[in-house]
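Going in written order, the chains are labelled A, B, C and D, and every chain counts its residues from 1.
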Amino acid sequence: MVTEVKSLNEECGVFGVWGIPDAARLSYFGLHSLQHRGQEGAGIVASNKGKLKGHRDLGLLTDAFKDDRQFDRLKGEAAIGHVRYNTAGSNGIQNIQPFLFQFHNEELALAHNGNLINATTLREQLEDEGAIFHSNSDTEILMHLIRRSQRETLIERVKESLNKVKGAFAYLILTPNEMIGALDPNGFRPLSIGQISNGAYVLASETCALDVVGAEFIRSVEPGEIVIVNDDGYQIEKYTEDTMMSICSMEYIYFARPDSDIAGVNVHTARKNMGRTLAQEAPTAADIVIGVPNSSISAASGYAEKSGLPYEMGLVKNQYIARTFIQPTQELRELGVRMKLSAVRGVVKGKKVVMVDDSIVRGTTSKHIVQLLRDAGATEVHVRISSPPLRFPSFYGIDIQNRHELIAADHSVEEVREIIGADSLVFLSVAGTVDSIGLNFDAPYGGLCMAYFTGDYPTPLYDYEADYLKSLEKEITVQRHEES
Amino acid sequence: MVTEVKSLNEECGVFGVWGIPDAARLSYFGLHSLQHRGQEGAGIVASNKGKLKGHRDLGLLTDAFKDDRQFDRLKGEAAIGHVRYNTAGSNGIQNIQPFLFQFHNEELALAHNGNLINATTLREQLEDEGAIFHSNSDTEILMHLIRRSQRETLIERVKESLNKVKGAFAYLILTPNEMIGALDPNGFRPLSIGQISNGAYVLASETCALDVVGAEFIRSVEPGEIVIVNDDGYQIEKYTEDTMMSICSMEYIYFARPDSDIAGVNVHTARKNMGRTLAQEAPTAADIVIGVPNSSISAASGYAEKSGLPYEMGLVKNQYIARTFIQPTQELRELGVRMKLSAVRGVVKGKKVVMVDDSIVRGTTSKHIVQLLRDAGATEVHVRISSPPLRFPSFYGIDIQNRHELIAADHSVEEVREIIGADSLVFLSVAGTVDSIGLNFDAPYGGLCMAYFTGDYPTPLYDYEADYLKSLEKEITVQRHEES
Amino acid sequence: MVTEVKSLNEECGVFGVWGIPDAARLSYFGLHSLQHRGQEGAGIVASNKGKLKGHRDLGLLTDAFKDDRQFDRLKGEAAIGHVRYNTAGSNGIQNIQPFLFQFHNEELALAHNGNLINATTLREQLEDEGAIFHSNSDTEILMHLIRRSQRETLIERVKESLNKVKGAFAYLILTPNEMIGALDPNGFRPLSIGQISNGAYVLASETCALDVVGAEFIRSVEPGEIVIVNDDGYQIEKYTEDTMMSICSMEYIYFARPDSDIAGVNVHTARKNMGRTLAQEAPTAADIVIGVPNSSISAASGYAEKSGLPYEMGLVKNQYIARTFIQPTQELRELGVRMKLSAVRGVVKGKKVVMVDDSIVRGTTSKHIVQLLRDAGATEVHVRISSPPLRFPSFYGIDIQNRHELIAADHSVEEVREIIGADSLVFLSVAGTVDSIGLNFDAPYGGLCMAYFTGDYPTPLYDYEADYLKSLEKEITVQRHEES
Amino acid sequence: MVTEVKSLNEECGVFGVWGIPDAARLSYFGLHSLQHRGQEGAGIVASNKGKLKGHRDLGLLTDAFKDDRQFDRLKGEAAIGHVRYNTAGSNGIQNIQPFLFQFHNEELALAHNGNLINATTLREQLEDEGAIFHSNSDTEILMHLIRRSQRETLIERVKESLNKVKGAFAYLILTPNEMIGALDPNGFRPLSIGQISNGAYVLASETCALDVVGAEFIRSVEPGEIVIVNDDGYQIEKYTEDTMMSICSMEYIYFARPDSDIAGVNVHTARKNMGRTLAQEAPTAADIVIGVPNSSISAASGYAEKSGLPYEMGLVKNQYIARTFIQPTQELRELGVRMKLSAVRGVVKGKKVVMVDDSIVRGTTSKHIVQLLRDAGATEVHVRISSPPLRFPSFYGIDIQNRHELIAADHSVEEVREIIGADSLVFLSVAGTVDSIGLNFDAPYGGLCMAYFTGDYPTPLYDYEADYLKSLEKEITVQRHEES
């Protein structure tokens, strides 16, 4: 959740509701609880008396919807919304979702959480057939496919189109007549169905959004499913039978809110379990356990419980971390880090500290935190990471497509330890991670996507295949290096 | 620290530095760590080659200083800065500090943390003598006194003026020749001196600001002291001998950052002790202990440790609480609360919960949280408050000057319990609070101001005397009510 | 030019340059001189080393380009720009031009001045073939046609597409390899070619833009022509032979800047001639002649010269008319008018006044001005309009598509006189208008489009035919009424 | 009026109204007509039920009052307002007027048009007596004097204070009980009294503001007078008998709106007369006469009439000159000028042109215009200035306090001609200027201040005496040079 201190970023959250007055405003509150999934743009499209109207803007939800009067335009009993993380080079307002399409014969709004892996191929094909794209987002592709489908009904056109896009996606589609949700054949991204007391239905990326709007959880959307919500209630259909569960493990490790449940497993509980398992795998002779706020608090408390060491608040996160800062000059550079996190001297001074964090990406933040703790008087700093080393790029919607960014991709654990300056460093094992989360799907890793750690991608890589192979040459070097 | 979910607000933080290049920029970083003390305005005045220049604006520090170019105007080796909490009716930019005064024969900048209690009287006197005030702030009074003093030197004029103002104050004054800090005779507000490695000196409201800029703590400014920093180093003098330590207890309970030390006591540790003492005073047969994030986490973990009950993350605070929100309509009103805090169903479901909070002001937030926990499946909710009931107004710089706002001022503890819907409610005792913080000054309550809980104001009330007496009539009714 | 006091609005101006460093910045200055053609949005796309980059925003050019750093992104030796008047309901930023299209195999930017009259038909056809439109602007249509053309070269594809769109258009297209200008077969909108001293070429809606950037006028683009500018110089080709000159007469009467030349005729001179002819057609026994600033000053001075009456400054326009104003309350309503124009009491008091204006749209402004003059002491007010009565809608890019807006469409001249409260009212005749402007093309009205006055549309009306016929029923009533 | 192309700037306009509902909104409209007198800040203070409230901000009136809701705070039946031109170094919001002072025993608002010449002396005295100034404006001085006066009534305190300030001033003061206007003993700045139909009274810098709000002119405030408006009507008193009329001649020549009357003389008429006299003093063998828009149009038409030459529109001013512009690069520098003014080639080509302008300050603008005309084909350009050469600084409220800025201060007319590149150059004589304006007061120059041309300052110079004497040394050189 701490996007400011990590360089791992989720790409978006979606929320939709059908059948309740002032649906756009309800979506605003639902989206607010998904803000951690994307902070660089937000939008809502509402349906009122057969017409769709939308508003979207850059920034946090509260920036994009500053004025109450914006909701006067967004009246109606159905709405879908989106919070967006912008990948590099796509930061224009034209990329903020939901996209609203007004044709002479139909109106549709579309929101997408995920990343397609055959987008480049599809886009080139479509352009060669005369299509014009107006965003850099791969989301627009689905709409071109839907409009070009010759099937009779919208549902049929959507199903046909869903079979052409590959990768990770949770889509929401809104028309004046229905709201549609769709999940990719691997279920990479979470999507849940809820019911509000008065019979209205909600679709949301995480169950925390259901809680916020007072909706009761019905069930998760499953891989290859399409949910159709209209005035007759909701209906679930399959658009493909070729499915295999591969929920993104990073949702449990880092992205999702601790109060959300994914595939029936509470995120906080999963993290606490990871901490407990880590304590078993890597016990440490130390005085206290501390977590890096906020995302690693759960794992740290699990580690403390299992290890019997006291859990202490050794690091404090500044509540006022802004998105844009005056930069320190060269002389004041080290100040930048201290603005975000502070060590509590009274807690760590003279102590051997176990510092639990959920992951290491580039290693720079870990290095700074270790230094903070030492400056505050910690005599030893043992870093314990509640997930395995990140070694492979993600093509399913996490902002890592380059192995150069991953310190563990070309450094051994010992090298990483040395770089970050810790007294010891242990990562949770792949098996320990899978066991701690504890999914039981009939699929590899119990239904988790562990590709970032193992390289076992659950789908072909399509447009990314070449990139991946190229990066492997480097991998081999690393493997050898670590073996030696 | 969570000003958004409480109605207790600190009135300001100050930071000053002398003797380092780019002093204004360093102040920016120092002030950032004091942002929790005031979020409605910020300013910095820098001294360069005998000239003072300032910038100030409404909003958070990062709003007020959005543009790096603002620091081009603020060059120089000394600076003072201020973050401000606006009291009602005083929200214009003319009230943002530091105030900068340019006279034909001297230049001064002034920043103030605290509240004067003879301000109305002084202002009327001064106006009758021809003075013109340009802000509603009582800060300006000191400058009128300084300018009207007939003493020879600036230091003498400042000292004479300090003896005329009554109440709570930590002042910073900057001139081209020196930086001056001054603390009231009771030391209500904290003020610390630090030294940066290269010999430069820092004055700051909390020690966390010293840590952020890499300054080493030298000592706290003591009641009745004035600190003069110039190119010859720093020097401490007394402007009065009539002093008695009365540090605001709410700094330990709620306001200050957990990583700060006040009067040699770490704030986190004090809070944890309060939680421990509370567990002794009010043991509970329950399954888990949870704290209300973020300010009550320390106390809750202390409670858990002492009670032997597991400490769990049962409440999650949304990281993206904005200062301005679209308001829910009447139908969606209950959403507002859930936007800020969520209960973790997986943690609290079916559990008897001890919920630790640091204080109760109006009771509305407590009521909502209890309901959140019950909605998430808690079978019992026992509320434990790590400080005594707030019953008396504060005149020393906390935003409570009206007893009507304090639920405990005219309700018994049992009535409050019923209003917030808890299964049980216990407040920490006054003695337990004082012992947990553990100051040892030769003064009542060991040197703490406990007036908000006891009505024992450490000073005459001057302009507030009449208000206070009037409110007492009500108090008597309450007392009787509680006794019956 | 006074868009604030009239309800006639031009729809856009275009400017392009090829072959000069800092082309975007030059375009900024060129567009500034075309600002009167559109004030609600502005944009520039520049070409640099094979890549196009653009910036566009709502508001005046100086609003859209507030920050000099925007030009750092727009480096390069070629650029096209656009100033936009927003028609109702299309005021989003997605409609601001130039449009920038980045395909996998080519990049194009497109800007358009004019209005297509078969846009609805084309858009529906294209959508039925799978096209997705992202703006409400009809401009996007051309790009869909270009992309769907099967011709070999871009120039051939553009030419084929130009033959499919009907109505009024002056297009600018920019690619990394060339800049293309194209004019509709009737030449409704002006487009000129200029050469900057160093051999670079400019295309602009009006010659005043050539003057501003120091370009020498080469020649006007003629109906049915396409101009291709690249590093080899410029080249003119015809994409159709089916042309007939019909320059919009309102360019001379009202829209264009007086210092511009259109089809070789200076606009100020044309207006002065219209005033002279009007004086011949409608001599008046009066004391002075005054013009309504600023657009009618030329005609008024012509009238004065020919009539021998003194030309006086009887009306003053406030230089600070803003685009948004606090509205007067009902009681203060009449103030609104007086904020824009004032009568000079010292000039008009006791005088019989000839007030020359260029046109009457709704009549409300005229009514207010007549009243202003009477309030200032004019004994008689004789209104003389230097163009014929506006009776028919425009489909070629002026913001009148509704006859209800035109007071002269359903009122006789005598009725209009009564409504505006003038002592007499005379419009310039159609023949007088044509003669005064003095074009000599081998086409009806010497090559002018006089449709707004006569109903003689120079093209079929395509999508607007039905609307037009419906409005005619009303016309018949009016005609009869006037005959009787 | 064209502040953008000249470097002469007025310092402020004032408007006040008493006795009409929604007085603040009426003031908004009144101030709008005075916008030409100051464009860098605006404010209004309204009086409602014994309380004053104000709003002020940087920028044009329409920038400062963007939101209609601002007027909800400014209810009430009396208001004063101000538009401000910022002199260098005083551009903070704290300098925007009216100033609002809230004392414990009275409330006052104050607005000022003019410039004090003993401000430095008074300010130092006041500061030495303990006064604190919060603005750089000399306006604040009067309030300090009023507050320190020992007289019994406010009117008496104001009168006493007015006798201490020297220089040019038209003050408006508002209290809950009355509105006060006051004019300096020389009447440098205009101030008029008007009556609105319903018996309410208006005070305004120019009569054009009376016209805009529908007020009838009663009479001008005269030197040394104070006007008191309250619910009993208005009353005029003298605060000094030591008066001598010296209306600033630049009001007629350049500053005031042509539709205003000053001291009973219409500004447009005065300008036209200056043009006529200039034609007599400096007849020219030429083809056409053109004026520099907008301020010189009146004079040019007068010149044309008297000379018998045709008056033509040879220069066009861009209607969209913004206050902030992207700057041209060095290469494009000459574009800057052309953005503001264009020559009409069709008018001036091949012609001998008389170009009439109202004044020459630095000469740079004149030089550019001459060049523009030559570039457009003028064969000869004869410059005629409808006022004498500006040679001496102004200390009474025009933004020229430095003789270095005045080209005519140290160059002969022939030298100026050469610098601006004209074929001939003639300025109107001092006598011709005085006669053309035609005041008949019993005072030098008929009651005009001609000091900028003659050095005959109508008052002692107080704080500016030394500056002035220093500048004279230079003057002597110039005089000699011109004599030789």
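The rule we apply is simple: a residue touches a chain if its C-beta (ideal position, glycine included) is under 8 Å from a C-beta of that chain, and two chains touch if they have at least 3 such contacts.
Just so we're on the same page, UniProt names per chain: A, B, C, D = Amidophosphoribosyltransferase.
Everything numeric here is computed off the predicted structure, so don't read it as measured data.
**Student:** Using the stated contact rule, I'd like to know whether A-C or C-D comes out ahead in C-beta pair count.
**Tutor:** Top pair by contacting C-beta pairs is C-D.
**Student:** What is the chain whose Cα centre is as far as it gets from that of chain A?
**Tutor:** D
**Student:** Just give me the whole-number Å value for how far the CA centre of chain B lies from that of chain C.
**Tutor:** One centre to the other, that is 62 Å.
**Student:** Roughly how far is chain A from chain C, centre to centre by C-alpha average, rounded to an integer in Å?
**Tutor:** 51
**Student:** State, to the nearest whole Å, the distance from the C-alpha centre of chain C to the C-alpha centre of chain D.
**Tutor:** For chain C versus chain D, the centre distance works out to 37 Å.
**Student:** For chain C, give me the residues that contact two or more of the other chains.
**Tutor:** Within chain C, no residue touches at least two other chains.
**Student:** Could you classify the connectivity of these chains, where an edge means two chains touch, as line, ring, star, complete or other?
**Tutor:** Ring.
**Student:** Quick one: which chain pairs are touching?
**Tutor:** A-B, A-C, B-D, C-D
**Student:** Under the touch definition given earlier, write down the residues of chain B that touch chain A in their complex.
**Tutor:** That would be residues 1-2, 21-22, 25-26, 28-29, 32-33, 35-36, 39, 60-62, 65-66, 68, 71, 208, 211-214, 257-259, 261, 266, 268-269, 294, 297-298, 301, 305, 310-313, 316, 318-320, 322, 324-329, 331-332, 334-335, 338-339, 342-347, 376 of chain B.
**Student:** Can you list the residues on chain A that touch chain C in the complex?
**Tutor:** For chain A paired with chain C, touching residues are 93-94, 101, 103-105, 120, 123-124, 127-134, 140, 143-144, 147-148.
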